[in-house]
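Take a look at the structures listed below.
One chain, subunit A, appears in both complexes that follow, with subunit B as partner in the first and subunit C in the second.
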Partner chain A sequence: MAWTRKVLRVNLTEGSLQEEPLNMEWANDYLGQRGLATKYLVEEIDPKCDALGPDNKMIMTTGPLTGTMAATGGRYSVVTKSPLTGAIACSNSGGFIGNEIKSAGWDMVIFEGKSPSPVYLYLEDDNAQLLPADDLWGKSVWEADELIHTKHQDPLIRIAAIGRSAEQGCLYAAIVNDLHRAAGRSGVGTVMASKNLKAVAARGTKGVGNIENPAEFFKATQEGKKVLAENAVTGEGLPSMGTQVLMNVINEVGAMPTRNMREVQFEGAGKISAEAMHEPRDNDGKPNLTTNGACFGCTIACGRISTIDQGHFTVENKPQYWGNSGGLEYEAAWALGSDCGVDDLDACTYANFLCNEDGYDPISFGSTVAAAMELYEAGAITKEHTDGIDFSFGSAEALAKAAEWVSTGEGFGKDLGLGSKRLCEKYGHPEFSMTVKGQEFPAYDPRGIQGIGLAYATSNRGACHLRGYTIASEILGIPEKTDPLETEGKAELVKAFQDATAAVDSTGLCVFTTFAWTLEDIAPQVNAACEGDWSADKMLEVGERIWNMERDFNMAAGLTGKDDTLPKRLTKDMAANSGPAEGKVNNLAEMLPKYYEVRGWTPDGVPTDETRQRLGL
Partner chain B sequence: MKITLKLYAGLSQYLPDGSEKHMTKLSVSENETAFSILDRFNVPKEDAHLVLLNGVYLEPEEREQPKFKEGDTLAIWPPVAGG
Partner chain C sequence: MLRSLQIEPEKCTGCLQCEMACSYHAEGVFNTAKSRIKVFTFHEEGRFVPYTCTQCSEAWCMHACPVEAIVINETTGAKEVIDDICVGCKVCTIACPFGTINYNTETKVTYKCDLCGGDPECAKACPTQAITYVDSDHGGLERMRAHAAQNLPQEGA
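Let's turn to the complex of A and B:
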């Protein structure tokens, strides 16, 4: 019973708030968070609806273990239809607000309609109110956070907000909570802005006390924490170096997408790596990295807290950026750095700060800037577009300016806010866009790591590493090593990662635990917390059900198997030019038919009736 | 023959004085192995989680086999992960 069994339905058009019971039959089939909220969404909206229209809904959802004593039990997700992809969106975030919503007594909040004027939702336990946000509109996430805290005179309120980029229609806008954690991908912040909803502010004092079997839960979570502490990756590697340690790893294996994925190794990787973040700067003797940081209930603490060199050109006379803030994670560092050819650590950190300050996804932003740089070098955009700035690859000034523009929607920021696909189409070079289903790639080149290419192509939310992180196996050897250049066996590997991840994303736990935990470690914690029988096998079945449900939504929205593809640059036109994968492209065509087969889908990628029946869909 | 040794993350401390950032060049004989080089620099073998020779993963048993040729790069990490 770790669910609170309460849903808050907020009709923004009418300004009404209504409490309703959680559908426990669905909870048994979809668990919580990603799975359960997606079930609500697919039951309640037309998949063909305009993602930015009032008919789309947006669900902020916790998992059954959110707010409990389970390690990393602080996650929440935002589920909606994506304006970037037209597909299902589910963006997951840590920080502290997930716990606060749950501890206020709510499993999820469903937003529907569109408010006639800007509002924010204030939750204080059972007290839920829509309050005017006219004074917050036009403010950054950081300003809105401060204003809301000041207004309520309560420093313990946790806040998730959108920034100016979302208000200006940036299609990859994020929802940022606790200043620098984000439900980052697929434009969930843009949906929030379309509803005139500026923020959610929550204060929960109830805790999560309704655990099915407290003694068993205590035991299971303690055992889980021990595994995390004793595992060298979650106990030592991630806390000390963060995800950014992958910068040199992935560069060394020749899978570092560089300069809009024209190359697979970046000569400047070392300068923007985790190791570089630890090195004292020439100017002030301080390293970029101040400390690591943890989200609610986390015993890993992979987060980065950083500063920018006060003498750096990006922050001259801007003391508001001189303090500590959320530093570079690997995905941001890659997109802002290597993909743009920028090896300036401070410039990348500055752009990352701005992504947090005004709420947009650094992966999609960096990839879109990279596409703009290629358009610039091809002559398709000129200095007339870029306010006279040289937009060639490697320009830290261009990167910093691009972030300033996207933050406010000024200048070229409107075009950059379109995302890579629409930008490249607008300027006559759709082949420059490195996207799947309209969403920009993460930090692993599919030419050098074959399985991740299949994971990108088949991801239900467009190109994404977190829908099936085969890097764990193909590069890091977790749970066992597979050859990154081999296609054999990757269909099964991708399916296994996708299904298991969908289950983990439905618990309230962080997927990073799976560097140490398997579902055999997670299931006992869920089982002790929740009513019903939650074995690892059942969780895997729930994961597969979720995956197929998301697939069904996408197909009903108009996507087909033809959208399970990669840009020709990666499969045909441009082989890797260095490293172990030199001369290779991604052999998606070898893997995709097998993937459909192991999924129980038709050769066109449609779940068969038999598969649907088996999964109870 | 000459090869390049790269030690990353917490292993950089084992590089000899005067090394470039995270790397050093060294002479090796034909029968040397990844593990014998680790011994040379007092790197605990249990800390060598990810061992790449020219970017290609060396299986645990390969770390005790002579594999080097002129100009190779051996890169080693302690247990790491990311996302």
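Let's turn to the complex of A and C:
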């Protein structure tokens, strides 16, 4: 069965903890993690509730394969209503705490209400307690991690925590676990802070068993690992280069958003690329990249472990940043680098360290700094706001300062913590905000890659590459190559990616496996582990059900088809100015009606009764 | 031929597949808390190091055991704990200089790596060959080969 069949319900207002059986009927329809926790959330909260009020709930959830030997089986997700978008939020993270929660015997933890004072949840197998966190409040994630380890005298505890940015109300705050892995997007950390919940510390010694058919499970997971090892992306590209393997590729196809998406190619890409991370530095002869690191159970190991040049201006006299920590992934390198026009690898790595240290999403942060730089160039923001610092595009100093401010909420950090949409509205230029549903774009330009534009516009959590990664097909040719500049067929492509991804996000596995795996590789692993019949077809149906359930939630929260849009800059005002897509904008209007049709939605983007009935919603 | 586990930390990514394989083989569940092999993360240094029993020839644990519960497996050379004889006194855990024999509070006896009877699961599960099971008489063979490769005679020399 793979599920532990146990849910922990934590009422923070009352300080009470209660064990409940997992709803297995729902598990059969929604599998686990993203799907199952979202089902719990939509059944339990008012979609119109204040995301930062006590009526919102926050669910930390594992999947049925979390904690097993399936490659990458260590994921957990945080599901809640987002304060950034007002839509559903589901942020997925790796690291090690997912396994620890599962090993302690819990499929998910539901947090409700708001604690009267700061607390953290301590899970030691069945023993779950809320402990005071007054001494942890005001500390960074890294400090809180150390303090909790010291207090419990147990180096094997795994910890997920929020940093000072979340406490200060930064709307894109993350929950960081194991020091540098994060449930990063949509402000799930801000929700956690609003509940006065500083951290979750877990220690599991029960392990994960209950595999339905162990012999089949070992066979299926072995075969899966072999596919990952033999695939060029998961077996070679990602371990050696990380997701940063994409930097030069995407720049060449002219889909690298640059300087707040005014341009589509960055002249400095080479300096902040995977290749640059391997180059020995002049100062100490060491490269930025020390090694690659894996999350729990991952046989790919795309994680970057990096150092900053000790002579770099960002870390002068700051030995706390001289050691190794989580290095640049492609999304962070793009947002902190290209989108801000910054080609300083050490400055980007420093800002990335700070994102981890104080828990905020480097994509939204970088995009917001990029918007601030455009506001600065337009004169809407001046040196009065920026403490005298030149905030022009390309300024590594501005990037580093911005990170320091957002970390603590000091100075201009409060405004930068609003995110791009609210910042641009506040300073009178909403058109500068590169967001969908209030969430900042990731690192693929929809002018050069048409399908991803549709994926961004229709993503249930606002602009996001991980809700339907059509880049796989449009650029990398996985599972088959489609023309990135073509709109034909993209509605079907986006739907297929969205549904499959929703299913993968519900297993406990990492979506990066899908560079090599299809649902045909994943379903046998789920099927062998879990009771019931889990074919690829059923998983796809579950994925579609999840997608429509999330859509229903968003509609009930007040969003409409009108929110399925892209900034005018990308569809009308500013065509790509170089590269293969030169002269192109994103033709969303050509794709969207077709998308609604293939989804079985009305022309206004509402799931029809027939569709809802077909999916059992 | 006797074989030994050989660990090359520079190849380890810290994924813990070895710990899962070990615990499943020994305990029937995926449970890193009960693994005989442990991977240590040195965060500041950016290093991952697997560590387990090296099966000492004159094993401290074996000599310290007052009830002779630790015996040599003649086929594999592993020092194995006989659960039925072990009284859980934990003297072996004090004697071992490396900490690789430990007490299990559930079973009330000590546990350590037994080389899975000659087919260690950790080595099979390791995706990067950071853990291999090699000829005990030639543990250094691959390192010798690597160094030899650096000194290949030049063509035409």
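We adopt the following convention: the second predicted complex is superposed on the first by the 617 of 617 C-alpha atoms of A that agree within 3 Å, B and C clash if a C-alpha of one lies under 4 Å from a C-alpha of the other, contacts with A are read in each partner's own complex, and residues count from 1 in each chain.
Note that contacts are C-beta pairs under 8 Å (C-beta built on N, C-alpha and C of every residue); 3 or more make two chains touch, one makes a residue touch a chain.
Everything numeric in this text was worked out from a predicted model, so none of it was measured.
Of the two partner chains, subunit C is the only one that A:C298 touches; subunit B does not reach it.
Contacts of A:P54 after superposition: neither subunit B nor subunit C is touched.
Judged by the touch definition given at the top, the superposed model places A:E236 against subunit B, while subunit C stays out of reach.
Look at A:P287: by the touch rule set out above, it reaches neither subunit B nor subunit C. In the overlay built on the shared chain, the residue A:G209 is in contact with subunit C alone; subunit B does not reach it. Once the two complexes are overlaid on the shared chain, A:N99 sits against subunit C while remaining clear of subunit B. Of all residues in subunit C, only 10, 13-17, 20-21, 23-24, 27-34, 43-48, 125, 127-128 touch subunit A in the complex they form. Remark: subunit A residues 67-69, 71, 96, 99, 103, 156, 179, 203-209, 225, 229, 239, 290-299, 301, 303, 305-307, 323-325 touch subunit C in the complex. Note for the complex: subunit B touches subunit A at residues 6, 8-10, 12, 21-22, 49-50, 52, 54-57, 59, 73, 75, 77-83.
By the touch rule above, subunit A contacts subunit B in their complex via residues 231-234, 236-238, 240-246, 248-249, 252-254, 270, 274-275, 279, 329-331, 465-466, 469, 471-472, 475-478, 481, 483-484, 511-512, 515, 579-580.
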